[in-house]
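Submitted below is the structure of interest, expressed as C-alpha cells.
In this document, chain identifiers A, B, C and D correspond to the written order of the chains, with residue numbering beginning at 1 in each.
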Amino acid sequence: MSSIKIELRKEDVDFIKETCSKFNNDPQELINVLHGCQEHFGYLPAEVQEVISEHLNVPVAKVYGVVTFYSFFTMTPKGKHPISICMGTACYVRGGEKVLEEFKKELGIKVGESTKDNKFSLSSLRCVGACGLAPVVLVGDKTYGRVAPDDVKGILKEYE
Amino acid sequence: METVKLTIDNKEIEVPRGTTILKAAKELGIEIPTLCYMDLHDLNIENKPGGCRICVVEVQGRRNLAPTCSTKCEPGMVVKTHTARVLNARRTVMEFILSDHPKDCLICPKSGTCELQDMAHRLGIREIPGQEFAEMSTYRKDTSPSIIRDLDKCIMCRRCETMCNDVQTVGALSAFNRGFQAAVGPAFEQNLEYSSCTYCGQCVAVCPTGALTEVNHVPQVLKALNDPTKTVVVQTAPAVRAALGEEFGMEPGTLVTGKMTAALRALGFDYVFDTDFAADLTIMEEGTELLDRLSRHLKGDKTARIPILTSCCPGWVNFFEYYYSDMKDVPSTAKSPQQMFGAIAKSYFAEKIGINRKDMVVVSIMPCLAKKYECQRDEFSVDGNPDVDFSISTRELATFIKQANIDIRNLHDEEFDSPLGESTGAGVIFGNTGGVIEAACRTAYEIFTGKKLERLEFTELRGMEGVRSATLDFDGTPIKIGIAHGLGNARKLLDDVKNGKSEFTAIEVMACPGGCIGCGGQPLHHGNSDIIKARAAAIYTEDRKKPLRKSHENPFIIKLYEEFLGKPGSEKSHHLLHTHYFDRKDKILVKK
Amino acid sequence: MSKYSMHLLVCGGTGCHAAESDAIVCNLRDEIEARGLTDTVQVIKTGCFGFCEKGPIVKVMPDNTFYVQVKPEDTQTIIDEHVIKGRKVTRLLYKDPSSKEAVSDSKHMDFYKKQMRIALRNCGFINPENIDEYIARDGYQALGKVLTEMTPDQVIKEIKESGQRGRGGGGFPTGLKWEIARKSVSDEKCVVCNADEGDPGAFMDRSVLEGDPHSVLEAMAICGYCIGASNGLIYIRAEYPLAIERLKIAINQARESGLLGNKIFGTDFSFDITLRYGAGAFVCGEETALIHSMEGLRGEPTIKPPFPAESGYLGKPTNVNNVETFASIPAIILKGAKWYSSIGTEKSKGTKVFALAGKINNVGLIEVPMGTTLRIAWFQWPSFSLNLQ
Amino acid sequence: MVSMAKFFLEFTVEESCGKCAPCRIGNKRLHELLGQICEGKGKLEDLDRLKNMSLVIKDTSLCGLGQTSPNPVLSMMENFREEYLAHVNDKKCPAGQCKSLMKYIINAENCVGCTACARVCPVNAITGERKEVHLINQEICIKCGACFEKCKFDAIYIS
C-alpha cells in the first residue's frame, strides 16, 4: 500500500498529462511515460500513477503491476542525500542503533521517510562489508566510519 | 482441415493442426493434471499462462519438459505423460508450490472444493521437505463487503486476473511485484473496496485455492434465527434453485425449488418467500419506465433518453457507476428485485403482520456476491436499518443446510409462503441472460399494444452469445433489444451508447457470463460451461411449468398495487422501489 | 581523417568517462588551440577501448602510442612532449606486467595482439558521435551493397553460410532466424535490437553502442530489408545514459544523411529506428519478455512457440537480435561468409566479445575467436593472469 | 564454491519474474538450502535434494532464466563435490568462504600481544594482556575479519 499521501498540484497533473500526450496517450508507451514522470517527481507516488492510468486508459492496477515489476521504478521518494545506516551485526553492537536514533531525532523522520524539503532520506541496510569501521553511515556515496551519536550533527552540517 | 499425427503414451492419434497436447491427450482418455489452466470455451477464453508447470510431459527430442496446456501437437511428436522424470518433476514442482502455501486446509473456507488440495492428493504429496526453514511470502488480508482476499494462498495461476481484465474488463486486479513476492491484487495493494472492483465475484468463482472467497454471513443469520424477538424472512433468487442441488451431488440442472423451500423452513425461517415475486414487481416498474421513456422519445422529447438499461444486476450497477458515471441517467431507476423485496417486506408486509421493521430480519439467498455489497448500500436503509439485512450465496446456503444436518435430498417439496412467495414464469427467467428483457417484453407488449401476446417465448433473446440483439415487432413499432452478459461485452454496448451510436431501445446487462446462473456465489463450475447451460435449461423449464407467465398477471402484484402502492411509477413506488446512482470513483477517492 | 596529420583518441566509454575523460578532451582541445595546432591535430572522443582497468586512455595515432591512466593535468605534457617534440611520454605508457617494460606501440600489447576484433572493429578508432568517421571506415557500405546488389534471399543465404549464431546467449543461427521472419506473412514486421544487457559484470553491448552505434543501426536496416520490415526498435537499458545519448545522435545523423528514413539510397526500401527503454528487469533479456516490456506490460516471458518471428511485437512478426550479433553483420556482408566461417570452431563460427571483471588484474573487454578457452584468455595472457587474493 | 553457487542464485531469486512456479519458488528454496549448507546445517541427503531440485527447475521452468539458473549449482556439485561433502559431513568450508563455518584463530607463535586486534574487534571478542598471546572467543566472534586485516604480524589465520 502506498504509505505516502500527496496532493498533486495543478501543474503536476498538467505535467503528467503532457507527458502522456507526448507519447500519444498510447498505453504501449507506459514505461516511457513512467520514466518521464519518475525523472520529474523523483519517484512514482500512487497519485501520479492514478493520473497516468486515466490518460493512457490503462487500469491503475496494471500501472502498479508494471511499476512494481521493474526495479528502476520506485514509489518511495529518496532525498537529495540518502542516508543509510549499517545495521549489520558489527555496526549494531558498536552502537549503530544509537546513531540511527540520533539521525531520526535530528531529521524528525522515520526509516524509509524523507525530510519535508526532500533533502535527506533515511534507510538502514545490511552489512556493507566495512566492519572494521563500525558503525558505518553512508551519505550518498560517501562512507563515514566509527560514527558516534555526537557526530551526527556534524555530518548533517556538511550538507547544509 | 489440416491434421497432424502424433503418439501419446504409445497411442497414435490424429488431431487438427493447432491442437494442444493437453486436448489431444484428453481425446485419448489421458487426463493430464492441470492447475493454472482454465478453458472457458463459450467465452473464448483460455487461461494458460504456463505458470504452474504441473501439466508438463516428456516430448522426445526436446531438452526440457513441455507444458501440455500450451504446447501444440506437431507431426510425428512422441509424447510420454507419466515417465519417472515427468512424475518426479510434477511432484517436485507441487512441493515447491505447497512450500509457499499455508497448510491450514482443515479450517480453510475452500477445503473440499480446493483444486490445489485435490492436486496434492492426486500427486500423492506426503511431505514438504525443507519446510522448517522455508520463508513464506506473506500479504495483508483484505475483507471487502463481498470478497475476502488472503493472498498468502495465491499460487499465481492468474485466473482471477484473466476474469477481471479479459472477460469483465473491470481492471481491478493485476499481478504486482515480481519473483517470490509476486501476487495478484488491486493497485497499491489497496483494499478491494477502494478499487474498481464490482464484486461480480468471477474471480472468486475461478480461484483454485482459498485466496479469494466470499464473506460468510451464515453466523449472523443463525444468530437472527435464534433470536425470539426477530421475525426472519427469507427470499431466494431464481438462479439458486437451479444450482443448489449440485452441492448435494445432484446432476447440474436439477431443480430443487420445493426441497429448497422445505430446507429453509426446516432451518427456522419464519417466512419463506421468493425473490421472483419482486422480479415481477421490477417488471411492472421498469416496464412502465421503459414505455414512458419510449413514448416520450417517439414524441420527440429530447430529455427522454433511449436506450434504457436494466438495473437489476448490482455488479453491473457498480460497473457503470465507476466507468460510465457521466451516463447516470441512462439506466432504469428501478431497484433490483432483492432490494424491492426488502423494501416491500419491511413496509407492506411488516404492516400486514403488525410488526416494526426493526424486528424483522430480511435474508436473501443469492447466486451473487455483489448482492452482499448492494444490501449494505446506505440508500437502501431506513434510519440505519437496512431493507435487506444479510445476503448469503448459494454455496453458503448449502454449507448452512449441511451444518444443520438437513438431508435435503429426502425432503418433500414445499411451497413458498404467501403473498411474497407468489410469482410468474417471467420472474423466474430473471436468472438467465436475456431473461429480464424477455420478461419485460411480455408485459410491455401487452401494455403498449393493448393486445394479448400470442407467442410468450422470445427465443430470439435467448442463447449464450456474449452480445445479442433482436428486433421485436410491437404491433408495427420496431423495438430493438440489445443483450450483453459479462461486463466486457457490456462495455462494447455502453461505448456505443456513449458515442451516440447505439440504435437500441432497451439493453439488458448482466455482469456475469450466463447471467445469475453463472454468478460468483454459485457452486463452482471450474470452467465447465455445460453446467451453466444445464442450469439455464432448468430455469426455462420452471418458467414453462408456471400457470402464469407474465408479471402483470400476478394476482398478488395486482393486489400490492391496489392495497399499497397505487400504480406503477406512483409516488409511493418511487419512494420505495426506485433509486439513484453515484459517481463511484469520487466516492472511493473520498473514502480512501 | 585526411586533413589532420595526428589524431588523439580519448576513450569515452562509461568506465573512462567516469574517470574524467571529458576533462581530458577539454584540456587537450584547449592546449591544441593555444598552440595553434587545430588544423593539424584532432582530438576524438571514442568508444570503449576495452582496456578499462587502466583508464582513462589516450591513444595517439598514427603511431599507436597507448597512454594509460591519464589525468587531466597530464595533457600539457602530452601536447608539449609528444605532439610538438615527438617524444613519447614514457611514464604514461602501458607497462608489460611480465617484463615491466613500457610498450610504446599498442599493436605489441598482448591485450590486443591476441584479439580478433569484428564486432568491436571500430571501437576506440572512431568518434562515435560523428557519422563521417564511421563512413570513412567502410560504414554503410554493406547496407549500400545489400540494397543495390543483393536480394533479401541472397543476404540471408550469406548470413546463413557465415554460420553466425546469436550472441545473446541462446545461440540460435542468425540467418535461420531471419529466414523464418522473412517467411512470416504480414503487412507489418519489426526488427528489434536487444540491448538490455543485464548480467552482472557484462558490458559488451554497452561498449559497442557507446563506441560504434552506427554498426548496429546499419545492421538493423539490413535485417529490415531482408525480412520486409520498416520499423526498428532498440530496447536499451535506462541505466546506460551514455549509450542512449550516442544512439540518439547516431540515429539523427543517419536520418540526416538519408541512411535511415524513406527511400534509403534512392531505393524503395524505407526503414526507421526508435528507442524503447528498459527499467531494470533482467528477465527482459528474454525475447518474449522484452517484447511485452516494449508493449508497456510487465516483462514476463511467454511460451514459445509461437516464436517472435511468427508473432511478436503487437502480434507482428518480429526479429530480435542482440547488439553484438548486429554489430558483426556489416563485416560479414563486406568480407563474405567464407571469411567469417573460417574463424572459430566447427560448430561456432566467428568471434565473441567477453567482459572480464572480478578478481583479475585487468578489467576489460576482449574479442576473441569462438573456441578460445577461458583458460587461454585468462592464464596465457600475462595481463589477465588470475590474481587470487 | 557452495557460497559461490549461493551468490549466483541470489541474483536469480532477485530477478525472477515470478510467473512460473519452479523459478519463483524453486530458486528461492534452492537458495535457502544452500544457505543451510553454508551454515553447516546441511545433511548428506540434502545434496541429493539439491540436485533433484536443480534438475527439476531446469527441466520445467518457462524461460531461459529458470532453465539456466541452477547450472552453477549443478556444475559445481559435479566438479567440486568434495567441497560440498566437506560442508555437510565435516561442517567445514575448504574455500574459507562460508562465514559460519570459518574460524579466525590466533597463532600463538606470531602474536606479540600488540592489542591491535582486540581494539579493532567490534564485538570485543578478543582478550589478552598487553605483550601476551591473545585469544579469540569463538562464541562472540561475528567473523567480520577486522582483526585479520589489522594484524601486522600474520598472527591471525582462518581455519
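Heads up, the rule we're going with is that a contact is a pair of C-beta atoms (placed from the backbone, for glycine too) under 8 Å apart; a residue touches a chain by one contact, two chains touch by 3 or more.
None of these values were measured; they are calculated from a predicted model.
**Q** Return the chain pair with more inter-chain C-beta contacts, choosing between B-C and B-D.
**A** Contact tally favours B-D.
**Q** Could you grab the centroid distance between chain B and chain D? Build each centroid from C-alpha atoms only and quote it in angstrom.
**A** 54
**Q** Provide the C-alpha centroid distance between chain A and chain D, rounded to the nearest whole angstrom.
**A** Comparing mean C-alpha positions, chain D is 32 Å from chain A.
**Q** Hey, how far is the Cα centre of chain C from the one of chain D, in Å?
**A** So the centre of chain C lies 38 Å away from the centre of chain D.
**Q** Where in chain B do residues touch at least two different other chains?
**A** Answer for chain B, listing residues that touch two or more other chains: 49-50, 67, 175, 177-178.
**Q** Can you list the residues of chain A that touch 2 or more other chains?
**A** Residues 62, 65, 69 of chain A touch two or more partner chains.
**Q** Which positions in chain D are in touch with at least two other chains?
**A** 15-19, 62
**Q** Think of each chain as a node with edges to the chains it touches; is that a line, ring, star, complete or other?
**A** Shape of the chain contacts: complete, all pairs touching.
**Q** Which bits of chain B are touching chain D when the two form their complex?
**A** 49-53, 56, 64-65, 67, 85, 88-89, 92-93, 96-97, 99-100, 129-130, 133-135, 155-156, 175, 177-182
**Q** Which part of chain C faces chain A closely enough to touch in the complex?
**A** Residues in contact with chain A: 238-239, 276-281, 293-300, 314.
**Q** What part of chain A is in contact with chain D in the complex they form?
**A** Residue positions touching the partner: 69, 89-91, 93-94, 131-132, 134.
**Q** Can you list the chain C residues touching chain D in their complex?
**A** Touching chain D: residues 169-170, 198, 200, 281-283, 286, 288-289, 298-301, 303 of chain C.
**Q** Tell me, which parts of chain B touch chain C in their complex?
**A** 49-50, 67, 70-72, 175, 178
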